[in-house]
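In the two complexes that follow, chain A is the common piece, with chain B as its partner first and chain C second.
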Partner chain A sequence: MITYYTKLAFLSLWKTRYMSLLAVIVIAVGIAATMTTYTINHMMTKDPLPSKSDSVFLVRLNNWSPEAAYRNRNEENPPIYMSVQDAVNLINHNEAQAHIPIAGFKDMLKLPEQSAVDAKMTFVRSSTTDFFSSFEVPFLYGSSWPKSSDDSGEQVVVISKKLNAELFDGQNSVGRVVQLGEHQYTVVGVLDDWAILPRFYGESMRAFKAPRDIFIPFQTQLNLELWSSNVQAFECWKDPENASVKALWASECVWVFFWVQLNNELEKQEYMDFLQSYVEQQKALGRFQRPTLNKLQSPTEYLKERRAFSTDSEIAVWLSICFFALCLLNAMSIIMTKFQGKAGEVALRRAVGASSLDLVHQYTIETGAIGLFGGILGLVFTQICLFLSSQLYTHLSKDIMTMSGELMASTVLLSILSSLVFGMFPIVKAINVQPATQLKSL
Partner chain B sequence: MLRMSKLAKTYRTDTIKTRALCPFDLEVKQGEFVAVVGPSGSGKTTFLNITGLLETASEGEYWLDGLEVSTLRDKAKSKLRNEKIGFIFQSFNLIPELNIYDNVEMPLRYRKLSTAQRKQRVEEALEQVGLVSRQKHFPAQLSGGQQQRVAIARALAGSPAFLLADEPTGNLDSKMADGVMSLLKEINKQGTTIIMVTHDLDQATQASRIIEVKDGVISEVEHCAQEIA
Partner chain C sequence: MKDLLPIIKSLKSNYTAALLFILQVAITFTILVNAIYLAFDKREFIARASGLDEQNVFYVAANLPVEEAAQPALLDQDLANIRAFPGVENASVSSGIPLSGWGRLVEVAVNPDTKYDTFSGYYGGDLNLLKAFGLELVAGSEFSPSAELSVRTEGYRNAIDIMVTKALARSLFSEQWEQIVGKTIYINNLPQRVVGVIDTLQAAWPSWVVVEHAVLAPVKEADSIVHYVVKTVPGQQDDILTQTLAYLMSLHGRKVDNFETFTEVKSRAYSAENAASKTLFGVITGLLIVTALGIYGQSRYSIVKRTKLIGIRRAMGASRGQIIRYFVLENVVLCLVGILIGVCAAIVLNNVFSNAFELGTIPLSYLFYGSICTIILGQVAVLYPAIRAAQLSPAIATRTV
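Right, the complex of A and B next:
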């Protein structure tokens, strides 16, 4: 019977094609508005690292002025980043499964054989090899640098797929050399497509930007004294001894985000104990003169505290849902008008033996088909809206404006289900006609 | 085969109560050809709709093939309509976007028959009305008489015990009307019980029995075809 009902549904859709098309468009517009806002909101607020959301933590130590709390807040909260010396100390203590300092700078990038005019200003991320394993970064060619490169500060780089395409035409560039400012680095790995959203590990205000295109060991940045004050946010409660980079490294200025991987509650507790002893040790050395406030913060907690997501996007989703409901009500009235014209056919089918349930099945397939087409057209509209949004908000990562396969399927499913729900009233109204009166009026 | 006892129909609104059919008793035996006559608005169609289970009587009992049907639920009534009753309407009531085959097949679709069984029955019914060669045509491509023959084929396809015809020749010219009447008589001869509402006394006299409905009162009319002719 489903084949028969489907045939009847398509004949009916064709017979009332303008009205059906109108219903499809109305649903599609509602779906597009909802799914565009939902997609952006979902991509902004989703768990960036679902498999490790319980095992990756930002380390926060209350290293600040003895005179005033960090940012003079009533409720004291430790800084979100730490000084170079603390980052290096924590790495050297090696108490966590993985240590991931997040630092960076900018410099001119080119191939050694290129002239200086071909160099491009490039933002560089510096971290450890743990960055790639802990954050599950996929590689196209090669791999991350070895642990020894972290220890010695070797001049090696991992580059993004995009940069590899620009510099090496997408060829395997492992072993090739790039020049960053005055220094040359050997490529050890090329990343595959990698879109981590929100990009939780650095500044929360840049959480919706794409990851950087070039990565070097943290120790290399330290060794080569690479610093761009206008790239990296830093805060100092006490000025460095002098203006040199070396003095900055040795200062109490905080600017390095420091993440660790701790695989279970026990490891987390042990690490908290370690931090406590570390801070006490530093206090004995005259540092950390404020109350001890050690924190291990998950990516989601950190982003929430930093208000990385605006509540506006959530409000926009609710508004678009209201708009969708209005569209569905409109579609319902169109379907009702469409079905009113079927009173004669309903009466005839009842006369020849169709039960109410038979007719409910028949017209449910028709409204489902309207929902299906509305969903597919809505998906197309959504893609257009997301594309336009990505063109409008160029400062945001394009990946925010991208629908996953699951979201696409959900879009069509949502359209079908909502059409079925909102189509039920017109169906019930249509099949409740009195066959006797309708047959006579035909 | 069909027995109605003290059956009556009253329409009620908030303020008005209208008696459409006064209580009546009626029995129709298998193979009869009954004509129902009467002026417009007298209750003929109401009688036919109750007989065809499209409306429910307000009072009384209605036995169809030994089954009391007035208290049946919707699904059971649909099944009875599908299996025992065939309808022929004045305005043919064919679905324009379905071809002749699909129109005739419609009642069989609700009977869960196989494709082959449906095909056989549709072709037999179309053969009976002489339109087997037109099964791929659409209703708009046929004349009024042919459309009514398709409607008759649709009614016959389910091999019903009853054919209920509501002014089946009302929209046809006299030549086509004669053709349809001949066909109905032929079907009746093969054993199908027919109850036909008509305005046309000439056609009524071709039936074996005439019932008159006047102001909601149903009465039997004694007739002799030869005398009236």
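Right, the complex of A and C next:
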């Protein structure tokens, strides 16, 4: 029976093809608007590291001036980053599962055999090997550097797939050498495609940009005294002793984001206790003269505090949901018009014995088909809109404009469901005709 | 107007279609008003003046590839050479570039013992910076040549004379802002004398609350990377940029870090707002098309359904104009009811938005113009079906009785 109804439904769709097409297009436009804005908003606010969101934390210590609170706020809040000495100390104490300092600099990058003219100014990220394991970074060739490189500050690099394609034509470049500024580094690993959104670990202003293309051990940056004052945001309440980089490393200037991995509540508690004892120990040495204010912050909490999420995308979602409702109402009136012309057919079928339930079945298949086509067309429109958005939103990473399979399936489902709901009323109205009066006019 | 009663009566007999129509108009109106408001809000944000001569200013960030002690001399030499290019109106060095995200902020206080009254952006450069940016002085005078200093970094600690923007002066001295000239104020708790007030100069961060606050000081910073600011005569910017880059690169060891025209800086600074406002205009266009289609389809449907009725009216002596008037009036009535609901819905939605997202409330004029636009949209969409209806021959009434 279902196949018969399906056949009838498609026949009827074909008979009123212009109206059906109009309904499909209207639904598709609504779906496209909603799903485009929803996708962008979803990608911007989603959990960047679902498997680790409860176990990665930003460590914040209050090493600020005895005279004034950090940034002079009424409600005191510790700096978002920490000083080099604290980062090094926390790594050496080794109390957490993983220690991930986020630092960096910029320098001219080239191959040793290339001339200086070909060198490109490149932003370098410096961290530890834990960065790759904790943030689940995929590798194409090689692997992260060993822990010993972190300790000794070996001159090794991990490069992105993109950079590998530029420098080494995408070949396995493990063991090759690159030159950054005056120093040479051996490639130990090449990353696979990797996009982390929002990129929570660094400056919140750049949370929707792609990660940097080259990574070196944090200790290497410290040992080689690599510092670019105009790249790295840094804040000092007390000047370093002199203008040298070494003095900056030893100063109270804060600029290193410091993340740790703590796998459960217990470990978190223990780490808080450890931080407490660490700060007390440092207090005894004359540092940390403000009230102790240690904080462990999850990525989402940190991004929220820094207001990394623009509310624009959320407003857009709400507006487009209203727009979708409008499109559905529009589709509803089109479907109603369609069914209005069917009064005679309904009467005839009722008269020859079809129950109203049978008719509901048949018409539901028809509106469902409109929803299905609307959803599929909507998906196509959504992809077009996302492509246009990726051209328009140049300040956002292209990876935001991608739809997951789940999202695509739910798009089509949403379309079918909503057209069924909004088609219900026209159907009920259509089958409520009096067979007798309609038959008379046939 | 005597059509009004029959219109309302006929609506009662066909209330579902009418209700659908009203709902559509109401939703359209709600989104339309809110989207237009948001779009114009963004536009206004983008259109704020930076204070600079935006079309004719560019900057180049480069290093000073000599010994630390020789850097100030090289800086002066570079500036003198750039200024000598024909077509360069002025050139200077700056410790920050407005709206580029790169600059410094300082705390400003009127009294030495308060920590700060407000925050401000800070630009340090040579005496020409005011002119190289193309700023306008509204009170006080320019820096005296003796005020110029040269330091390595953090020039705001060394400044003696400064200029402030009118917005900053206002926030410190409210309406008596002109009195700030000659006064000593405290920048990061250090006393500095205000010699002039700049009309407008924005800080480095476009979405900062106090973006209109800026302090300008005649303190050059010969740091590892310096930012040369060049103002050209109109139309010669591209040539001069090429010349400047060629000149800078002619020195061995020179690295050019970055260069941008101020127009580029501004479009980068507002790329998010720009994209958002374009998206909103896209939404508005889509909305209007869908609604117009909807109104057209519905009017057409209601007219087709009433073919016989129209035929009878024509046969009874109604003119074509009367038939058109009937449908147009019906459309207006439905639109008005829709708008009435829409106004309430728009205000509610706007309230929800302004509570949740820190937005302002829609001015009443938007509601007014929105209503007019919606009615016009309805009229345009109904016109063709109504004219078609009027073309119906009276004979149609006799055919299918």
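The criterion applied here is as follows: the second predicted complex is superposed on the first by the 442 of 442 C-alpha atoms of A that agree within 3 Å, B and C clash if a C-alpha of one lies under 4 Å from a C-alpha of the other, contacts with A are read in each partner's own complex, and residues count from 1 in each chain.
Here is the rule we use: a residue touches a chain if its C-beta (ideal position, glycine included) is under 8 Å from a C-beta of that chain, and two chains touch if they have at least 3 such contacts.
Keep in mind it's a predicted model, so treat the numbers as computed, not measured.
On chain A, do chain B and chain C fit together or clash when superposed?
Here the two partners, once superposed via chain A, fit next to each other without clashing.
On the chain A superposition, what angle, as a multiple of 10 degrees, is formed at chain A by the C-alpha centres of chain B and chain C?
90
Contacts for A:272 in the overlay, against chain B (first) and chain C (second): which applies, first, second, both or neither?
Touch partners of A:272: none, neither chain B nor chain C.
In this superposed model, does chain C or chain B come into contact with more residues of chain A?
C
Where does A:1 make contact in the superposed view: on chain B (first), on chain C (second), on both, or on neither?
First partner only, chain B.
If we overlay the two complexes on their shared chain A, which of chain B and chain C does A:353 touch? Say first, second, both or neither.
first
Using the superposition on chain A described above, determine whether A:21 touches chain B (first), chain C (second), both, or neither.
neither
Now for A:344: first (chain B), second (chain C), both, or neither, which partner does it touch?
First partner only.
If you stack the two complexes on chain A, which partner ends up touching A:11: first (chain B), second (chain C), both, or neither?
Touch partner of A:11: chain B, not chain C.
With the two complexes superposed on chain A, say which partner A:436 touches: chain B (first), chain C (second), both, or neither.
first
Look at A:394 in the shared chain and tell me whether it touches chain B only, chain C only, both, or neither; answer first, second, both or neither.
The second partner, chain C, only.
Minimum CA distance, chain B versus chain C, superposed model, integer angstrom?
13
For chain A, what residues appear in both contact lists, the one with chain B and the one with chain C?
Chain A residues touching both partners: none found.
Give the list of chain A residues in touch with chain B in this complex.
Touch residues, chain A against chain B: 1, 4, 11-12, 14-15, 344-345, 348-358, 434-436, 439-440, 442.
Sort out for me which residues of chain B touch chain A in the complex.
Per the stated touch rule, the residues are 45-46, 49, 52, 54-55, 74-75, 78-79, 81-83, 87, 89, 91, 93, 95, 97-98, 106-107, 109-111, 154, 158, 166.
Going by the contact rule at the top, pick out the chain C residues touching chain A in the complex.
The touching residues are 16-17, 20-21, 23-24, 27-28, 30-31, 34-35, 38, 61, 101-102, 107, 115-116, 152-153, 223-225, 255, 257, 268, 271-272, 275-276, 278-280, 283, 286-287, 290-291, 293-294, 297-298, 301, 305, 349, 353, 356-359.
Which residues of chain A touch chain C once you look at their complex with the stated criterion?
Interface residues on chain A, with respect to chain C: 22, 26, 29-30, 33, 68, 72, 108, 121, 205, 229-230, 243, 310-312, 314-316, 318-320, 322-323, 325-327, 329-330, 332-334, 336-337, 340, 389, 392-395, 425, 429.
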